[in-house]
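Chain naming follows the written order as A, B, C and D, and within any one chain the residues start at number 1.
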Amino acid sequence: MSNEIEIGRGKRGRRAYTFDDIAVVPSRRTRSTHDVSTSWTIDAFTFDTPIIGAPMDSVVSPASAIELGRMGALGVLDLEGLWTRYEDPEPLLAEIASLPAESATQRMQALYAEPIRAELITRRIAEIREAGVVVAGALSPQRTAEFYETVVNAGVDLFVIRGTTVSAEHVSKAGEQPLNLKQFIYDLDVPVIVGGAGTYQAALHLMRTGAAGVLVGFGGGAASTTRTTLGVHTPMASAVADVAGARRDYLDESGGRYVHVIADGGVGTSGDIVKAIAMGADAVMLGVSLARATDAPGNGYHWGAEAHHPSLPRGRRVQVDQVGPMQQILHGPAISADGTTNLLGSLRKSMATTGYSDLKEFQRVDVVVTPYE
Amino acid sequence: MSNEIEIGRGKRGRRAYTFDDIAVVPSRRTRSTHDVSTSWTIDAFTFDTPIIGAPMDSVVSPASAIELGRMGALGVLDLEGLWTRYEDPEPLLAEIASLPAESATQRMQALYAEPIRAELITRRIAEIREAGVVVAGALSPQRTAEFYETVVNAGVDLFVIRGTTVSAEHVSKAGEQPLNLKQFIYDLDVPVIVGGAGTYQAALHLMRTGAAGVLVGFGGGAASTTRTTLGVHTPMASAVADVAGARRDYLDESGGRYVHVIADGGVGTSGDIVKAIAMGADAVMLGVSLARATDAPGNGYHWGAEAHHPSLPRGRRVQVDQVGPMQQILHGPAISADGTTNLLGSLRKSMATTGYSDLKEFQRVDVVVTPYE
Amino acid sequence: MSNEIEIGRGKRGRRAYTFDDIAVVPSRRTRSTHDVSTSWTIDAFTFDTPIIGAPMDSVVSPASAIELGRMGALGVLDLEGLWTRYEDPEPLLAEIASLPAESATQRMQALYAEPIRAELITRRIAEIREAGVVVAGALSPQRTAEFYETVVNAGVDLFVIRGTTVSAEHVSKAGEQPLNLKQFIYDLDVPVIVGGAGTYQAALHLMRTGAAGVLVGFGGGAASTTRTTLGVHTPMASAVADVAGARRDYLDESGGRYVHVIADGGVGTSGDIVKAIAMGADAVMLGVSLARATDAPGNGYHWGAEAHHPSLPRGRRVQVDQVGPMQQILHGPAISADGTTNLLGSLRKSMATTGYSDLKEFQRVDVVVTPYE
Amino acid sequence: MSNEIEIGRGKRGRRAYTFDDIAVVPSRRTRSTHDVSTSWTIDAFTFDTPIIGAPMDSVVSPASAIELGRMGALGVLDLEGLWTRYEDPEPLLAEIASLPAESATQRMQALYAEPIRAELITRRIAEIREAGVVVAGALSPQRTAEFYETVVNAGVDLFVIRGTTVSAEHVSKAGEQPLNLKQFIYDLDVPVIVGGAGTYQAALHLMRTGAAGVLVGFGGGAASTTRTTLGVHTPMASAVADVAGARRDYLDESGGRYVHVIADGGVGTSGDIVKAIAMGADAVMLGVSLARATDAPGNGYHWGAEAHHPSLPRGRRVQVDQVGPMQQILHGPAISADGTTNLLGSLRKSMATTGYSDLKEFQRVDVVVTPYE
């Protein structure tokens, strides 16, 4: 049935679903986990896993970016975080983890008021590059014009432009000169991943800018409160499926250019990774799932850029359970059964049990809509 | 799909939605918050914000009406509250805030049994008028005939007639002479805002009386229990969208008279304001959101007229978190991320992120139906 | 839209709704509460209220049946309860109220194992009759053949046959001779109310037996666990609307015989009474709502016959809040706002606010489907 | 209405229902419980009840298999559990019941790492056989090739192949030689029950292998977390109804071979048994319902094979309330009203109240879809 609903005489809206609303179902075939591949290729880069560490200070530091790369994943450093504002952010990360709840937002607003230093961007990127892993860094659209040359010259392999919403068409009445994404991406030598986008239309327009990948989401992560503060919400199962529909239509329109769909937000367990790919995602960007690592830079806490906005914080520093080192979170063994460890083992088991051998095929798996009991 | 449901063979009903059931979604355009206007004009009066303080003793006193006016909002004084029954209600407001829960209803029933004094109506209105802000006062339909001349002579700019339900057609068998709204509004020199109405039909009939604005709601606020006591409930998202549909149809029918739709009830966070306007509201009437101010007259408590009905109380005095002064609630900065402060900043951010520049345009924003996780 | 759903390939079922799923909505008319009548007439008997006290030992004793009658309601005595098994049940009612939770079921199984005595049936009915109120008594279908002559000779005005399910067609292979309802009702001089029935078909067949009224429900009350134990559940809003549909069709089929629809179960607040009538009920049978009275025989506890079944208890003795005397529960004044006191005042207010003047008209009121927030 | 939903542009899925979403409704007929039969016949074996004890160490030991057989049920011994790995598992079962929560998974991983001994399989089966009850044992598909000859030679009456998912078509690229179910079942002398399957297609293919019965489910039991870990979930009401649809279609396709549908997972109360059969199940496999017995081998704890997977545990050892001996759980009397005791009495009462006399007829009973209040 169609999913457009008449809310009242003056308004209609589509019914949209979260990952919690859906589940994968096995069908008539099964397969051995040994025959399953989770590898993912974007542009010239191939990874053993479709896992991307989110550009958040609680998740990716230069050290954890290197570690993620060695484990077959990709860590994206936030180039507007503490690592590019301070010579040595380690004590500040420790301080954030020790702040009492009532003053955390205000102290973080102060810490992130320190200016970004271009030479620190260069130094952090170089540090990751020296380790021999794929290098990725993220800027917000507001800062991209100011810092992209520094970033490209420092030698990133993948350039990420990430805001709560990024549109292909930013309208401005004032003198402000917004980023022309299409021209910018055309001029750049490195592939660009851009987002978040939450709808078919928004994603289709981003694909037309020449992006290599689109992030799907709108601050929907564990540390975000945008639904309460802004009234804005992007239920992830529907959003990923919509953007996957845009990818298919854009493939036809462009005569064959495949733009990667990356679920960014709301992916908190191994089951969520499975569902994101079942909805059509090529890869997933993980925040809280990796912040749970004992060796994550957040030291048991997790926060995003929204948490320290100077006048309109739209997220919180949240405490997370530390469940094991990053290696165990990604590759196991799991010693509990809550979907927080052995993420890749779970993904492989889920693919095997439903009879699929690679991620692209697994996007076709059957799903049911069923609210959590 | 149609939203009429067969409940059983003998009864059908429409599926209706609350603000919690919906969310706004960004689309392909974004905009700078600097290019966004939240101004609202009704009749000859223009406000910087679409915010109206509800006529409840916990929200609007003469002092807070003046303060709201200076911040670009409109405060409506309850002309049947403590301020028109007592020379000095401040000690009584303090007493209400100190009552133990078990005796609060009974003591409030006693306090509000004191008669209304016409000369106090005159004096309170004069006090607000002298401050140079727009003056608005509210009467219930039951008392309007008795006191409206006093109110108009005292010099209100906007006259509010507000009950849990106000209809254009009050049927009476007994000698009782109900208010003829159409004649009343025609005879009056000042614009009238009237409600609550919860359906397309009820609102359309109120529009035909010549009202400048219609309040949408039915005691649906934070302090109300009408669903439990009366079985009556008006899910706000559907109600606002229905009444916005009536506004559109009445525009056509009347050859161009635009009646303002004001969401009154269930608007507890900045996200709810966003959703009310997305459903088609021109402005919102706030109760609990403003009662949370440290300088609100309720001193950390909130209650409506239903809470002290002599024989059938249909609401409660509820304790609310005090989150900051009224200025910070409306204009920020927010120091938490729960949608209780910087309401206007959140509204502007939401409009910018979805690419709209004024409130009228923003009524067209896309929404999804998705129950809260 | 149709409400039949494919659960899976081999099974379809209808979507059904509880009172909590619906709410009444005001429309374009209002009315004064003074012009509203709640009177109800069945056969030769007219009552000021559509309220029936359920035949449960925690709700109706001879004394409370008289009290209900004097307040314009009808109390139905359970003729298989403690009052017809014991000379003086008062100490046993007090004992039940003092039993620890873990032994309550077993002790009640023992107390109700005592045989029913015909002379006590006669005496209890006489006691109520002497007070000059309408007399009603209830038997289960299993005991009706054995005791009905005693009951009729004792002089009941209304005869109630009540089980969790009563069907017009009880199939038996063994020698067992089931009650032939149609013949039984035809032979009887007094009007019969029979149930529970939960569906259109079941109710239509009961109507064809000549019953004056049909009880709608299936052990759905506050003290019942039939959904957990038997997997059986009758969502009340849909059930009442279905049976009201059967009443309408039977009116046509019978050439004008009007069978009363009585909601029995799940009516716990004044809002539920409003909704039951909005769904098409002519009257409501109250259990827990009256057990909350300080002068109810249950002394703050409530239980049904299912709670002491010798081998398969399907309900519990539940503790209830005592909110005031029965007079205050029915006619107010309410001193709280939770729908447990002034039930009739709430019903009248709800009818007035939606513009209806009697119960039959009020069955047409508009409703919405909206899950509780 | 159809139950296929567009989740987003790129993905559709069916709406699926759990047992909690549905309820059985009485209709126009009732019947005496004495006229109701709960007998179930599969192949040459007839049981007084449609109850199967699940092959889990917390539920079925040789002793409890014998006890179940004597009470008219069937106990299936897990031939890969502690009883075939250890000479005397009683002390280990006691140890598991005494493990602290934080180390339970790890200790169980160690205990179940002990190899399976063929001679213990032979001895356990012989022990049950000597008691004169029907003998059933279960292997996982991975171990079936290795041990089936031992099992068949030991003399089982019913052979169960049970995994979280079992498919008729296990695809393998590597040298691995998967079990050819069709050939295997054809060659075997004893009837085979196989599963779990969760969809129409999967079940239809299993039916074509020649299986006598199909288990419906996917690790959906009380001790399982597959939805969180794998993203896989099989809502049981829809799954059983789908597989019952496959049974009907296969009956036609095969010219009359009737394959039994056995609900396996999510059957925790007597109400769930009723619903499983209402959805089309011929029998139910019980885990937690029997683990609640004071004489169950789990000593108040319950766990499945997923709980001790060496690298990817997908379930937990859960503590359960001990409600009475197995005899009382199956045949009563019930002394509480929570659906955990007198399972068969409840089933009989439910069948009687809806007018059905045997299990096959009862599969046609009317149901409603209504989420739990």
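In the analysis below, a contact is a pair of C-beta atoms (placed from the backbone, for glycine too) under 8 Å apart; a residue touches a chain by one contact, two chains touch by 3 or more.
Everything numeric here is computed off the predicted structure, so don't read it as measured data.
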I need the common contact partners of chain C and chain D, sorted by label.
none
Chain C against chain B, contact positions shared by both copies (same if over half, else different):
different
Measuring centre to centre with C-alpha atoms, which chain is farthest from chain B?
D
Rounded to the nearest whole Å, what is the centre-to-centre distance of chain B and chain D, using the mean of the C-alpha atoms as each centre?
57
Can you check how far apart chain A and chain D are, centre to centre, with Cα atoms defining each centre and the answer in Å?
40
Contacts with two or more other chains, residues of chain A listed in rising order
1-2, 15-17, 238
Listing of all chain pairs that touch each other, if any do
A-B, A-D, B-C, C-D
Give every residue of chain B touching chain A within the complex, in rising order.
1-3, 15-17, 22-32, 34-35, 200, 237-248, 269-275, 278-280, 332-339, 342, 345-346, 349-350, 353-355, 357, 366-370, 372-373
Touching chain B in the complex, chain A uses residues 1-2, 4-11, 13-18, 20, 105-106, 164-174, 176, 178, 197-199, 201-202, 204-205, 218, 225, 227-235, 238, 306-307, 310-316
